[in-house]
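Here is the structure we will look at.
Note that the chains are named A, B, C, D and E in the order they appear, and that numbering of residues resets to 1 at the start of each chain.
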Amino acid sequence: MLTCPSLFFPQSFKAILTPQSLLVLDFRGFGLERWLVLELAPQLASQSNSLPFEFTALEAILQHKVNTLHAQLNDVEPVLMDTLESLVDPKILSVDRSKLHILLQNSKSLSELETDIKVFKDTLLKILDEEEIIEELCLTKWTDPRVFEESSLGIDHAEEMELLLENYYMQAEELANKTRELKGLIDDSESVVFINLDSHRNVMMRLNLQLAMGSFSLSLFGLIGVAFGMNLQSSFEEDPRVFWLVTGFMFLGSGLIWRRLLSFLGRHLMPSVPPLIPQVWKRNMKASDIRSGIR
Amino acid sequence: MLTCPSLFFPQSFKAILTPQSLLVLDFRGFGLERWLVLELAPQLASQSNSLPFEFTALEAILQHKVNTLHAQLNDVEPVLMDTLESLVDPKILSVDRSKLHILLQNSKSLSELETDIKVFKDTLLKILDEEEIIEELCLTKWTDPRVFEESSLGIDHAEEMELLLENYYMQAEELANKTRELKGLIDDSESVVFINLDSHRNVMMRLNLQLAMGSFSLSLFGLIGVAFGMNLQSSFEEDPRVFWLVTGFMFLGSGLIWRRLLSFLGRHLMPSVPPLIPQVWKRNMKASDIRSGIR
Amino acid sequence: MLTCPSLFFPQSFKAILTPQSLLVLDFRGFGLERWLVLELAPQLASQSNSLPFEFTALEAILQHKVNTLHAQLNDVEPVLMDTLESLVDPKILSVDRSKLHILLQNSKSLSELETDIKVFKDTLLKILDEEEIIEELCLTKWTDPRVFEESSLGIDHAEEMELLLENYYMQAEELANKTRELKGLIDDSESVVFINLDSHRNVMMRLNLQLAMGSFSLSLFGLIGVAFGMNLQSSFEEDPRVFWLVTGFMFLGSGLIWRRLLSFLGRHLMPSVPPLIPQVWKRNMKASDIRSGIR
Amino acid sequence: MLTCPSLFFPQSFKAILTPQSLLVLDFRGFGLERWLVLELAPQLASQSNSLPFEFTALEAILQHKVNTLHAQLNDVEPVLMDTLESLVDPKILSVDRSKLHILLQNSKSLSELETDIKVFKDTLLKILDEEEIIEELCLTKWTDPRVFEESSLGIDHAEEMELLLENYYMQAEELANKTRELKGLIDDSESVVFINLDSHRNVMMRLNLQLAMGSFSLSLFGLIGVAFGMNLQSSFEEDPRVFWLVTGFMFLGSGLIWRRLLSFLGRHLMPSVPPLIPQVWKRNMKASDIRSGIR
Amino acid sequence: MLTCPSLFFPQSFKAILTPQSLLVLDFRGFGLERWLVLELAPQLASQSNSLPFEFTALEAILQHKVNTLHAQLNDVEPVLMDTLESLVDPKILSVDRSKLHILLQNSKSLSELETDIKVFKDTLLKILDEEEIIEELCLTKWTDPRVFEESSLGIDHAEEMELLLENYYMQAEELANKTRELKGLIDDSESVVFINLDSHRNVMMRLNLQLAMGSFSLSLFGLIGVAFGMNLQSSFEEDPRVFWLVTGFMFLGSGLIWRRLLSFLGRHLMPSVPPLIPQVWKRNMKASDIRSGIR
């Protein structure tokens, strides 16, 4: 009796199948109960087809399980795709943290779904491997006369059973492939998010550096102004041209030094590009356009 | 004698099982001794059930091992989930280092648990593979009369043994799945922590850049003030309107330059968004709200 | 009848093969319909070769599938190589985001292609495993007379069939290897992109730090100027040499302090290199040239 | 003759085992020679036990190999654990580079050890798989009389040989598990090191940003002072209260603006936390304490 | 005829082997042609040994293939090791980008080599699996008389063939292990490079923060100087001591505030270390020496 196939699906239920009855153990949760009463029972009761009872019961259970897995994947997939799409958006500077939370939760659901599919596949494989035993022990064992009749009609239940199981196995395999692809997509998207964030940071850091260069130039030449602001005798106090000379020197000098620092930065960050003299600022801003590639 | 199944669980004990006796070798640690004396011994002594001795002993040992693995996972899991939840909290700027330490320790425990489960599964698989040998050599070999009786009663101990082992194997498999899911969750959470930290850094860097732009503007126009502060003749000394003109120019000029720099930053970081003229500061602060997605 | 090989390719079609007919189910999409009508039908109709029908049909279907997979890989590969080459370009400071988008899309296509190849391989393996059944049931079963003739001619269709399938399997294997290599290349390139971005950032941060050192020196000695600029009696007001002394001290002092800070930075970042006194700035800029290695 | 088990351990030696002799080929390195002469030779010569020669020789070689692997792991493990512990220390800001070098070297040793263990396991598996051949060809083939005697005594060398090999296989398996756990620990520790470094960086960046806010406020209100420092007529020169008014405005104003900026930063980085008004600085410094978690 | 082993090595050639002849198809590239003409042909022609032709031919081809794989690995390995050594050099601040390019290229070569080795191993495995078929069909089938002679001499070609193939398989396995170790080393080195770069960045950021603290202190107390520099009446103008008082307050004040900020930074980054009062700067610089570990 114990050698009948006992289906064990973690997180759902355990069923023992005999030719006359189906024992469903350990079912819990509302949805499952409803399915058992509203769908499985009538389906098994109807028996309009000429197939043996255990065949119908196994098909109903497997179909329900595959449908549940499909539904779970269909729940997770669109949310995940939406979240990933908004995360890899190249225009964003910082990541919306609620999206990350959604991503993490869906990633967890995907892992659990992957485990469920794996367990389902293992269960199917185990039934397929022990097929001969099932054939002999459970399937149509006590209904010999009908079997003999049918086998003369060219219908072989064990063969059909195997095809049924293989069909479900292939559906599970497809689900597993989809899940693996989604996991890969999450990984790839995370890499892209990191590159995006790093890239943004580099752009901001270069702008920051360019401003620091400007501030440094202004400080350097401002020091001249501070020096002349001291209450000390510089002997230039009376010459009206010196004011304009020194002021002009301060502004022009800081401008020139800034420009030299910017062009130094440009050369420093892009060593092999020939030095471009005009429009230093513009060139730095559009540096990403002149990449020639390493081919 | 040596062909009897010898169970070898690293980090716990080694047992040799014969139909008459159970040899437990290499047990160490207080908890195990207590279990051997307080639980295993009475359980084996009671023998209320009609099952052969080696069957009961093996079941007791396997049950104890599975219980230990379950307990270990139940120890690690809630602490790990709590730690991960507090780590992926999007509001935190820097990570609590004590949490990281807890994470690392639990991750290590999880790896060790994974190894334990793997070894347990391998041991079960090996016993299952050598089942025929066990059947012949150890199980109820010397108790032929009873076996013959029972087999006529339809009870097959070898078959039952196999089901028992398979049941424990499935429990171990479930534990392994759980462990793998937890490891995956740790990896995903770490990615989220990295994205969170990077994202925070980018936000701070943009604020820093905006301030650097402000400071630069102030330095640039402050240079005018410094120039007029020099003890040099600028010929404007006597005109009372020049003070207000120059002061106004300094403040307005730095404000305007800052605004231009901020709008340049906005355009530079979000190239495809059309330039927004009013409320530059606000726009930059809420830039993350106007993302339209790449769909 | 159901035991005939039914080829199931997700995302394309399902075919059932009998010696007399080929049933193609679930085909969808324009391209496939065109292939069925324009290429497959004439190919099967011509029958110029003496091979049995199911042999020709299977070869045509497999050839079409392998060609499709080859075409898909050939679509993805050059785009991917181009994108990766431009991404790992060491001269770029920030990553072109459109390239990242292309990378992500192609990476996804590659995953889907990988799944397709895996499914194709599994299907071939399953047919190869069930070969004996196929041999007996489907292939040239009803054409006994011709088979007897041919087998006397030394031609064995089952053997030839197996070689055909193995050949396609090896082509699929080669495609899978190529796909795996491409995935590995994407991962390696991403690492290089990260190192590049990090490296750029470090260079910019060192420049920033050197400028911050300069600004700090200028602020420190500028404070002297500010002090002498106060409207307070310092008793040096009348001495004409003090102006030049203090001004010189300010400029020389900040220069010296800057130089000391730069050399401190150089020593701090490269601890084991002996202190180089002359040309502090140059040394820092070319620090990457004096690495001696850790061998 | 060639069918005798030839043990091939890369990086150590190759041995060919016959019932009469042990050929050790390709041994190199001082330690191995010493072992061969000082330990293996006497061990094989003594032959005090009644076991056949090839049995003793194989056991000696395998024991030596397992001991070597154990010794290698024991060399690597404590150094690695020490290095990892000091690397994941949450208090460190930058990583000691010599530790990184040690980590890299030990990680490499671990990889090589992993390969060695894998090769050892494969060799054992191959001998176990070809057991029947060994049984027939090499083991006690020419000593038929003794074998017959012993087998009547219930001693079966082939069985014992298999148990010996399985024992060594399990030891190798345990070593492999340990190695894999260590590799996992290295990966986990590296993640923790990265999170630590990133976390430190974020804390420093926030401090930097807070200082930049302070500097900006001082610059902004310092501009007023610079304006009044100009040698231009502001018509306030004679009013003695204006000095204190303007000075007070400068200091109070920069203080207020700084406080507003700091509270803006606090709100900006922790959006959902209700605004905390008092003790802005303290709050920012201890922001990591008020996390409420996402549970 | 088609059942003879056909060796298929992607990217090199395909060979069909019969007892009388060796058909080499699809060879391309200069090197291979040269090898065929200059080495393979004479080797096969000489036939000095008594071994059958197909044996010699197979050995020659496999030897050539293994040699090629060895040569490829020997090309890649030293370059890769050199590049990795210079990349993980802890003294470097930014990574030499040309080294990254070399790394990427060698990593790609390694992936291709890995695929080649895998294909070679699969080919050998397939020949080994189909050994009985080969034995019967190809090897010395038509040379019955000699075979009978030799088998009476105790020479078994099929056995020898198997040993030959196993030997080449083990060489390929060793190459595969080496390749895997190299790939692992690349991954580990990349992690170390990242930690190095991050660590450098943190050190620079701390220096930057310390300078920002200094600049902030100078700005704060410089504001006093700016206030006294205003052309407003402060009533202290005539007191000669006030100049020295205010100047001293400015310098001492900024020094003290800086020191307090530095000690705050020190406490903030290393919370559990007791506050160290003397030599603030030194302590910060050598902070990495006072780590006490988490053991």
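One rule holds for everything that comes next: contacts are C-beta pairs under 8 Å (C-beta built on N, C-alpha and C of every residue); 3 or more make two chains touch, one makes a residue touch a chain.
In UniProt terms the chains read A, B, C, D, E = Magnesium transporter.
In this text, all values refer to a predicted model and were calculated from it rather than measured experimentally.
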Common contacts of chain C and chain D, by label, are E
Determine the centre-to-centre distance between chain B and chain D, using the mean Cα coordinates as centres, and give it in whole Å. 17
Which parts of chain D, given as residue numbers and ranges, touch two or more other chains? 88, 90-91, 101, 194, 198, 200-201, 203, 205, 208, 212, 215, 219, 222, 226, 229-231, 234, 294
Circling the ring from chain B via chain D, which chains come up in turn? B, D, E, C, A
Chain A touches which residues of chain B in the complex? 88, 90-91, 159-160, 163, 170, 173-174, 177, 180-181, 184-185, 188-189, 191-192, 194-196, 198-203, 205-206, 208-209, 212-213, 215-216, 219-220, 222-223, 226-227, 229-235, 265, 268-273, 287-288, 291, 293-295
Which positions of chain B touch chain D when the two form their complex? 2-3, 8, 10, 85-86, 88-98, 100-101, 103-104, 107-108, 111-112, 115, 118-119, 122, 186, 190, 193-194, 197-198, 200-201, 203-205, 207-208, 211-212, 214-215, 218-219, 221-222, 225-226, 228-231, 234, 236-240, 242-244, 246-247, 250-251, 254, 285
